[in-house]
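Structures given as structure tokens follow.
Next, two complexes with subunit A in common: one pairs it with subunit B, the other with subunit C.
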Partner chain A sequence: MMRRTDVLVIGAGPAGIAAATAAAKNGCSTIVLDDNVAAGGQIWRGGIDSARTKEDPAKTKAIAALRSSGAEILAGRQVVDQPAPGVLRAVITMADGTRAESFAWDRLILATGARERFLPFPGWTLPGVFGAGGLQALVKGGFYVEGKRVVVAGSGPLLLAVAAHLQEYGAKVVAIAEQAPLRQLLPFAASLLGSSLGKLLQGARYRASLARTPYRMGCWPVAVEGEESVRGVRLTNGRRVWSEPCDLLACGFHLVPNTELAELLGCKLRGDFVEVNVRQQTSVANVFCAGEPTGIAGLEAALIQGEIAGLSAAGAAREASELYGRRSREQAFARRLEAAFRLRPELRSLAVPDTIVCRCEDVPFSQLQEHISWTDAKLQTRCGMGPCQGRICGSAVQTLFNWRATSVRPPLFPVPLEVFDSEEISISPETIVH
Partner chain B sequence: MPERSTITIHVNGHTVVVPAGSVVSAALLAVGEPCRMSVSGEPRTAFCGMGICFECRAVIDGVAHQRTCQMLCHEGMSVETQR
Partner chain C sequence: MRGFDVLILGAGIVGCACALECVRAGLRVGIVERDVPGGATTAAGMGHIVVMDDSPAQLALTRYSRSLWQELLPHLPVGVEYERRGTVWVAADDEEMGEVHAKRKTYALAGVESEVLDARALAAAEPNLRAGLAGGLLVLDDAVIYPPTAAAFFLHEAVRGGAVLLRGQGADHIGKGIVTLRDGTTYAADRIVVATGADIALLPSLPIQKRKGHLLITDRYPGFLHHQLVELGYLKSAHQISSDSVAFNIQPRLTGQLLIGSSRQYGNENPGIDQRILRSMLERARSYMPALAGISGIRAWTGFRAATPDKLPLIGPTDDPTIFLAMGFEGLGITNAPGAARLLVDGLLGRVPGIDATPFLPSRIALMETKHA
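Coming up: the complex of A and B.
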């Protein structure tokens, strides 16, 4: 099946929602695709609420604006490749099997968000160890944590959000271990006092629900204790190592951008991020990008960049330019964020020889040490060749060995072959004329 | 008709009742069954919770390699650890 639209948005997180709303309001036919079961992205992930949680009013407002804009939201669609120029293909898994759908676009907005960075250390593959945002998502999905003792570790403001959230669901967060030292975090914390009230209130809310939870800065996990499941985690502050008994470990080291789709389309990167101009336009004509793939900057930035991208895609240049000032302030916040949560070098030496680095193929650290590049290691060890296609071990080996990911190949996610065989991509000339 | 607030599924042959709206990997965690066995035989459960790590793959209604963190439970669903 092939559909066509003026504006196609990939990702229904805050950036994609804002982009689609702006484009549709300005007269463009607009479709939003997202691989989750519902719109909202990471911060606004829906799910089973506890008695103590309330839906974020900002989410309710943004989703209502999207609905009334006339944009069409198609959830459960994972975009996997570009079968022809100007066409993207998505895969949907339904109760009766998997099938493909293609979308011909005139302008494309990539709002694919970010994922957590995971670093290998002894025990990180044990059941009971999760990503930090990962555990949060699973709890929203019905994993019952009432009464469970949890250590939240790693880096980034996400740790606080996750810890507060787990407490709301009845878990007992016994410690939050932030690898960044106090002196690195101070300028960031100080800047929050001078910045938007929203961020400050959010911080205050977290502090209230975490009043009795120690927030240990300059402290990181070195190993998980337990044979079949987690019994505790060994933490260190660089001077001494101690054991923190717990049932679950939620651990993630800040975020890395999802740039695979942008790379597949040929968009230029600057460092780890997709390069965009003031209009949020990438190096590829008619392809825009907003939110975390362009820099890890949080909710407010995602919303503003998304709106600018949507307005630009709709040709509303003047309205877009009115938002540039607000965007620069958010980008300044992003730079402080990056400096504050910079990873410490000790994290590169947490893995021991038999620590698994590639979880898909069970490749241990010792096998990787012998290689000089990721390409070399991939060919010899299968590291990064499993179904996650290096999304987990790729950012780990970048931190551990400074190896950079090589080219991105379609499909972006594994797809059963018969799904593509059954789909006819017939593109009449008029559907691809821009 | 009132909305059903629980769902019954079958995990490795055990009958499990979960709240409506539960994702499949949460149900596996609740009963302590691994999603899959790794290539070297380690039990693995959901990890990233957002569809990117593929640790939560399991056999759903007979179909292998389904990411259970991105899938809601439905009445009568059969879930088996991927071996």
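Coming up: the complex of A and C.
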């Protein structure tokens, strides 16, 4: 099946929702594809227990605006490749199998968000260790944590939100370990007083609901204890190491952008992020990008960048330019965020020789150490060549070895082979000789 | 200026095998690699060690090379993933079954063991093949390896024996015993061996064309497939010089993954996936193995084979007495690396070669202009 649209938006998190709303309101036929079951992205993920899930009023408002804009949201679609220029292919998995759908676009907006960064340390692959955001998502989906002792560790503003959320669902959060030291976090917290009181109050609310939980700054996990599953976590503050008994560890080291689709399309990166101009346009004509893939900057930045991208894609340049000022303020926030949660060098030396770095291909740290570049390591050990295509170990090897995982290969996600001929792409049947 | 007895250009599997062979002959060896050893055509290919009978010379070289792989076997690290899987040439109908019998005879004359499978034996050997196939020919000693680690093994052994890896710069020009790298560094060598695969920038008049191929690898399905399977029609498609072609060719990896090929295209130097070709290739595979429909593909990629007009590699000296070639292996560089390396060094040292080397001599193609400074 092939559908045509003026504007195609990939991702229905805040940036994608704002982009699609702006584009549709300005007269463009607009389709939004998202790989989750419902719009909202990671930050606004809904829960199965609606009585317990307190929707952010900003989400309610954004979704309502999207619905009334005329944009069409297609959930449950994973974009896997670009079968022809100007066409993206997505797969949707139903009870009766996987189906492919192709979308031909005039303008494309990438709002693919971010994922957690995982760093390997002894025991991090044991059952009971989760990503921080990952555990939160599982809990919203029905995973039971009541009465469980949880340590939340790693880095980033997400840790407090996750801890507060887990507590709400009856978990006993025994410690929150933020790797960034107080002196690195203070300027960030102080800046919120001046410019982003809302963010500070949000943080304060989380903190209040966690009044009895120690929030340790300059503290990080060095190993998970347990043979079959987690029994505890060894934490350190650089001076001493102690054991924190727990049933679950929720651990994520801030966020890394999802740039795979942008890279597949040939968009230029600047450092780890997709390079965009003031209109949120990438280096590829008619391809725009908004939100975390352009820089980890949080919810408000995603909303404004999304709106600018949507307006730009719709040709509403003047309206877009009116938002530039607000975007600059959010970008300043992003720079402070980056400085505040910069990873400490000690995190690079947590892995021991037999610590698994690539879980798809079971590659231990010692095997990677023998190599001088990502390509060497990948070829010789197959690190990053499994089903996740390096999404997990890629950011880990970048932190550990300063190697940048370079090649993105289609399909972006594993697909059943039937997908490759189950849909129609208008390519003339030229000479295929068997 | 630093000097070597032999300077090898290109650390693909062929260059690395040549380096080891030279080191074992007591020569002082340097290897120039502009990027990652084994990172180009070596990394893109399937890793099928196969005896091919498409010409007597190819049959001799592949058979010789396969026997050298077998000699190496006790020394290969586990990571090379050498597995004696055997090749099954699959016959779709009675006409192709006729080819099976002819092929068996050719192999038998060359001392290559093979076994004719009737329809029932084929189904028993590979239950996931579709019903109604006529049979096949099982070539017992053919094998599967993971080429990047095999190249690394040759390189590591060569370096351990004293070879010097000069990494990071490609050669810019060569001639009269001098190799000049792109950064201007020069090295002197009695012999220069060009083993740059499909890259003929140093010798632009070489009759080597890039022949693009696609491959796709799946998630892990241990037990789904037991042998490397190749449709007999493969030979027809492999010999098509002019047009694009696809053929059913599937390989079981030690990891339980399946590697699915194959395609051949001339005149396309764009490394991107050609969706039309990928789709026909996978349709072809599914027509032989319907159960592939539900199997999960995790990555597709392309690579370039170095094809010569007569389908045989160029091994040996050129018009410039200091320049030797070891390139143009098309789809058989992995199989032929050890045999080619042995023939090359036999030639360098004036030793009696294990097989007739004349069919591979570059002089058979009379156009050896080199790019001089």
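The criterion applied here is as follows: the second predicted complex is superposed on the first by the 421 of 434 C-alpha atoms of A that agree within 3 Å, B and C clash if a C-alpha of one lies under 4 Å from a C-alpha of the other, contacts with A are read in each partner's own complex, and residues count from 1 in each chain.
The working rule: contacts are C-beta pairs under 8 Å (C-beta built on N, C-alpha and C of every residue); 3 or more make two chains touch, one makes a residue touch a chain.
Values in this document were obtained by computation on a predicted structure and should not be read as measured data.
Once the two complexes are overlaid on the shared chain, A:M94 sits clear of subunit B and of subunit C alike. By the touch criterion stated above, A:E418 is placed in contact with subunit C alone, subunit B being left untouched.
With both structures placed on the common chain, the touch criterion links A:V37 to subunit B but leaves subunit C unconnected. In the overlay built on the shared chain, the residue A:A211 is in contact with neither subunit B nor subunit C.
Once chain A of one complex is fitted onto chain A of the other, the partner contacts of A:P387 extend to both subunit B and subunit C.
In the superposition on chain A, A:D376 contacts subunit C only, with no contact to subunit B.
Of the two partner chains, subunit B is the only one that A:P127 touches; subunit C does not reach it. Annotation for subunit A, partner touching more residues between subunit B and subunit C: B.
In the three-chain superposition model, subunit A touches both subunit B and subunit C at residues 97, 361, 386-387, 414.
Within the complex formed with subunit B, the subunit A residues making contact are 35-37, 42, 47-48, 78, 93, 95, 97, 115-116, 118, 125, 127-131, 133-139, 141-144, 228, 359-362, 386-388, 391-392, 414. Those residues of subunit A that touch subunit C in the shared complex are 81, 83-84, 97, 361, 373, 375-376, 379-380, 385-387, 389, 409-411, 414-418, 420-421, 425, 427, 430-434. Those residues of subunit B whose C-beta lies close enough to touch subunit A in the complex are 18-19, 21-23, 25-27, 29-30, 32, 34, 38-40, 42-55, 57, 61, 63, 65-66, 69-72, 74. Residues of subunit C that touch subunit A in their complex: 35-39, 43, 79, 148-149, 152, 216, 218-219, 233, 236-237, 240, 243-247, 255, 260, 273, 275-280, 282-286, 292-301.
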